[in-house]
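Going in written order, the chains are labelled A, B, C, D and E, and every chain counts its residues from 1.
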Amino acid sequence: MFCFDWAAWKRLSATERAAFANEFSQTLARWELGSADGHPNQSALFSQIGHKGDLTLIHFRDSFEDLNRVELELAQCGIYPCLKLVNSYLSVVELGLYESSEKIYTQLAEKGLEPGTPEWNVGLKEATARTFAALSSRLYPTIPPAKYLCFYPMDRKRGEHVNWYAEPIADRRAMMNEHGLIGRRYADSVRQIITGSIGLDDWEWGVDLFADDPVIFKKLIYEMRFDKVSAVYATFGQFFLSVRVAAANAARWLDGTLATDEAST
Amino acid sequence: MFCFDWAAWKRLSATERAAFANEFSQTLARWELGSADGHPNQSALFSQIGHKGDLTLIHFRDSFEDLNRVELELAQCGIYPCLKLVNSYLSVVELGLYESSEKIYTQLAEKGLEPGTPEWNVGLKEATARTFAALSSRLYPTIPPAKYLCFYPMDRKRGEHVNWYAEPIADRRAMMNEHGLIGRRYADSVRQIITGSIGLDDWEWGVDLFADDPVIFKKLIYEMRFDKVSAVYATFGQFFLSVRVAAANAARWLDGTLATDEAST
Amino acid sequence: MFCFDWAAWKRLSATERAAFANEFSQTLARWELGSADGHPNQSALFSQIGHKGDLTLIHFRDSFEDLNRVELELAQCGIYPCLKLVNSYLSVVELGLYESSEKIYTQLAEKGLEPGTPEWNVGLKEATARTFAALSSRLYPTIPPAKYLCFYPMDRKRGEHVNWYAEPIADRRAMMNEHGLIGRRYADSVRQIITGSIGLDDWEWGVDLFADDPVIFKKLIYEMRFDKVSAVYATFGQFFLSVRVAAANAARWLDGTLATDEAST
Amino acid sequence: MFCFDWAAWKRLSATERAAFANEFSQTLARWELGSADGHPNQSALFSQIGHKGDLTLIHFRDSFEDLNRVELELAQCGIYPCLKLVNSYLSVVELGLYESSEKIYTQLAEKGLEPGTPEWNVGLKEATARTFAALSSRLYPTIPPAKYLCFYPMDRKRGEHVNWYAEPIADRRAMMNEHGLIGRRYADSVRQIITGSIGLDDWEWGVDLFADDPVIFKKLIYEMRFDKVSAVYATFGQFFLSVRVAAANAARWLDGTLATDEAST
Amino acid sequence: MFCFDWAAWKRLSATERAAFANEFSQTLARWELGSADGHPNQSALFSQIGHKGDLTLIHFRDSFEDLNRVELELAQCGIYPCLKLVNSYLSVVELGLYESSEKIYTQLAEKGLEPGTPEWNVGLKEATARTFAALSSRLYPTIPPAKYLCFYPMDRKRGEHVNWYAEPIADRRAMMNEHGLIGRRYADSVRQIITGSIGLDDWEWGVDLFADDPVIFKKLIYEMRFDKVSAVYATFGQFFLSVRVAAANAARWLDGTLATDEAST
């Protein structure tokens, strides 16, 4: 996330501004296209609302080296002295295994298999393999084309009396399952990408929500706040809301115009 | 909220200052007038007291895109290099449904209707429809013309022992009702607009109080501090106090004069 | 509270420094004199110790508009680019009503009156009227001429188990009474002005202590720390210590000399 | 940890940049070589990911004076005005004595010795001497050549109910032992250096993890989060992730290229 | 504590640097000499390790006015624009009366005197007088000449369940006594000066430790962390470590050389 130094930008000559805007747009366009080995739409630009930043860049990359290279490449652009880096979040896409293992157990039970029997074991093995194959494609998502982005980091509480990490796994799984049910009811209007950052950044998880109607973020998170895992065990960081700006519209943003039409088409 | 860089402002020539002040006043005046489809008075300027900022702008808009466009438009103004954006709050107007549902139940009871009977059901349906029609107009308020503004964000506590989100809805409704009674006693002297920001900004709610006598803010909030929902469950952010400056007086403010007469007439 | 930019000040020419020092001194002198309607000594300058600020200004005014006007007037002074506003506190003078009502009850009891009797009621009414008349003069104090100022903001604790706002008023009154007894023992050497800021600034109260011997601040506050209301229910903000600089000595301060002789005479 | 001022760097002439890059690379190369008395690889440069810094320097030195001398030497380099020091951590390498004393007791027990007997005492003395000789070499480690660095500071909790420092040593030893077992399972892929900083810096310990695959940091720390000493007693500071840059590649970094090949060979 | 702006310093001409270094050294040398009435070594300069500051100045003075005068005098020096004041701590030297009263009681008991007898009373009076005479000299210490300084501020905990200020004095005395015993065992290698700052600065106490071997700070504070008063009731601020620089070596520091030989001789 960057604050944009409009005063410095305006001090540049019109020629410099045009050249830097062009270079910035082309760099973004290349990043949007993605890599040669088939990962499209790997970076996206957003116009942030409020004082916590003006522009947000999301980068999906296959290695931390490549993320660092994106940073260094941007720093060589002519526009960079107008961009003040004020925030960032480093994490890896993570899949809720609580949920998928729950699903497998349910499906096996629906088939009438009993835990511990040879049939159950075979079924478990097959289902697990299928699930992992399906999940692994979700580990390398493209950036959803929705108009709005809501990002926030979060922790599980480790208090003196209430401590997620001291709860039995069965309780944690049940709570995560209830939590997941709410998310699934919103699946049509909100696309969520959960990333894990234990050992990588200051919070344990990052949540990216993508939607065309931003009020849906509020409804979803308000409703979740009453499920047990959020009510009792969640600790939230700052919330950041921004509007998608397609690479093709980046230059117009630098002229002071927010053009969002192209973003979700 | 912006800190105003008086030194940079004074370094400008008198001609530049006059031109920038004029541009700023006209922009504000246009925003005060509101939009073509009938929302008047959509933005307001305030002169903030203390070191947390010098100027506050409130914007009521129908979409987050439009709020972001206001930011970008202001950034293109000549005065912008003298404005340092130091704070902001993003939220949507919210109505206390605890309170209105309480009111409906009370009215039905006063009519002698018993819960669950067909008459009660019809009455509930009608009252709900009426209430929502009335409330929906309150969802798009104009900015009250009062002289003083008090703004603060707040959360409901989610502690290890005291946790609003783990309380039964009946208890929450009763507490909100007691809370609302205090607010209503002050309704003549304080206009309050509550906004929700779960998923949008760092606190759960924003409170905007408007009054001609600022000491009333202190009396109201002190009295509320002893009601149960505030005493036990409220967590407060920073408090910001400012004085209304009509667009017509913006240029005088930039000359160092606080002219407030016009604001509340 | 302001940090003073000595480097910027020294970059000015000697002529400019003399002119700006003169303008600043005269503005302060006028503010010290007070208003036409009889409030003397309404502003005072202090030289702050340590990195949290260099100069502190206290302003007593009858309205928040007037406080804001003081800010704007100072911002027009030539010295202003050397003053970096780093802190402030907005509050209104407040009288401890716990204490005065306690006093009335004691006096009535000493006269042999019994609560609820007509004589008691008459006595209560008269004493209350007398008290309010006396107190109202204390609502508009002048700034004490003492050499040192100690300022800190504070809250009453609203914890999960220890919560001032959930205590019965009789217990709060008894604790405030014990607290007040300590303050009264120091009345000869420390003048205290308590201000309330609920709804106005980030803490609930501001405490201004004035004394000629600053070690007395430490003794007083240490002793108070063991009374119940402080030990159990107080939460303290930052502490700020500064030395009075009379308007007549402001120019000498700007030359690097702390002259304090005149302050307390 | 330093933020790198790319704008200032680009404002330098190509000649200056080349000279300063050369001086910086040579200084780093000398520090990498280590001291005359046989401590190789005493400093290392890393390219940091995110807004918390751009470049990280680790220095292993035998005295705090020498660490301060490194700071002063760097401050004399031509590149220094482009380096903004934003973070640091001061600590001394520390060995987990809980673990080694546990090991000794286990080995003595395996030999059939009983605590308190003369044979046990002799065995304890010998084992302790051997252990300390082995450990002392670990007190002066070289910086591991791995590609990625994860650093974070941590405390043991001293809460009102959960307080590490009030637990019996036997319980603390058992918990540290469980904790150490997890670490040892990751020993092939993660090299960890624990440093103590009680009395030296703001947290009690600093943890440096070195690995070629950074996702292993996440796995290790996530797994540890459920062991008792971490789940209940750990408090974590910020997490910092960076990529090794060999001195030989420092000049390329200053040209905007992250070259990491040489680092781990 | 000051950050030193090396870039600004290097931008000065060699002549200016020499003049400013000379002025700074002579000012420090005068402050080291102390006052006319016999307080030697009243100020000392330290080179701080890490990003929290580059130079630390300690000033022992008999009044807060004099401390403020030191600040103002330094601000007039030519070097001042290169010094950015980032931290400070204001406090008065304080003696542990818990400890000395304990000592008196022990000595009286060792003489076979029983509490309450006339002999005990006489002995108590004499011992108290002797103790205060001895202590009062310790109230005006000189700055110890040791090579390293460790400074940190601290509070006694005032939690919801654990509250130092709500404990009986006998328990507090017993805990402070245990605490003091550890300190005394380190008396040969660490000189400690405890200062009180209730009402003066943001923490309740400041701790200054002076030693020639800085690892001893870590050992001492680690050992203390397990005594009850620290384990249960202490809250610590930031820790600052720095190396003494004699006034005679200040100019060499400004050339980038840490010369510490002279400091402890």
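Criterion: a contact is a pair of C-beta atoms (placed from the backbone, for glycine too) under 8 Å apart; a residue touches a chain by one contact, two chains touch by 3 or more.
In this text the structure is predicted, and so the values were computed from the model without any measurement.
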Within the chain touch network, how many edges lie on the shortest path between chain C and chain E?
1
Between copies chain A and chain D, are the contact residues mostly the same numbers or mostly different, with half as the line?
different
Rotation angle (°) superposing Cα atoms of chain D on chain E, nearest 5
70
Determine the centre-to-centre distance between chain C and chain D, using the mean Cα coordinates as centres, and give it in whole Å.
49
Chain C residues counted as touching two or more neighbouring chains:
160-161
Answer with line, ring, star, complete or other to describe the graph linking chains that touch.
ring
Name the ring's chains in order, please, starting from chain A and stepping to chain B first.
A, B, C, E, D
Which residues, counting only chain D, touch chain A once they are in their complex?
4, 6-7, 10, 47, 49-52, 147-148, 150, 152, 157, 159-162, 209, 214-215, 217-218, 220-222, 225-226, 228, 230-232, 234, 238-239, 241, 243, 253, 256-258, 260
Seen from chain E, its contact residues with chain C in the complex are 1, 64-65, 67-69, 71-73, 75-76, 80-81, 85-90, 92, 158, 160-161, 163, 165-166, 196-202
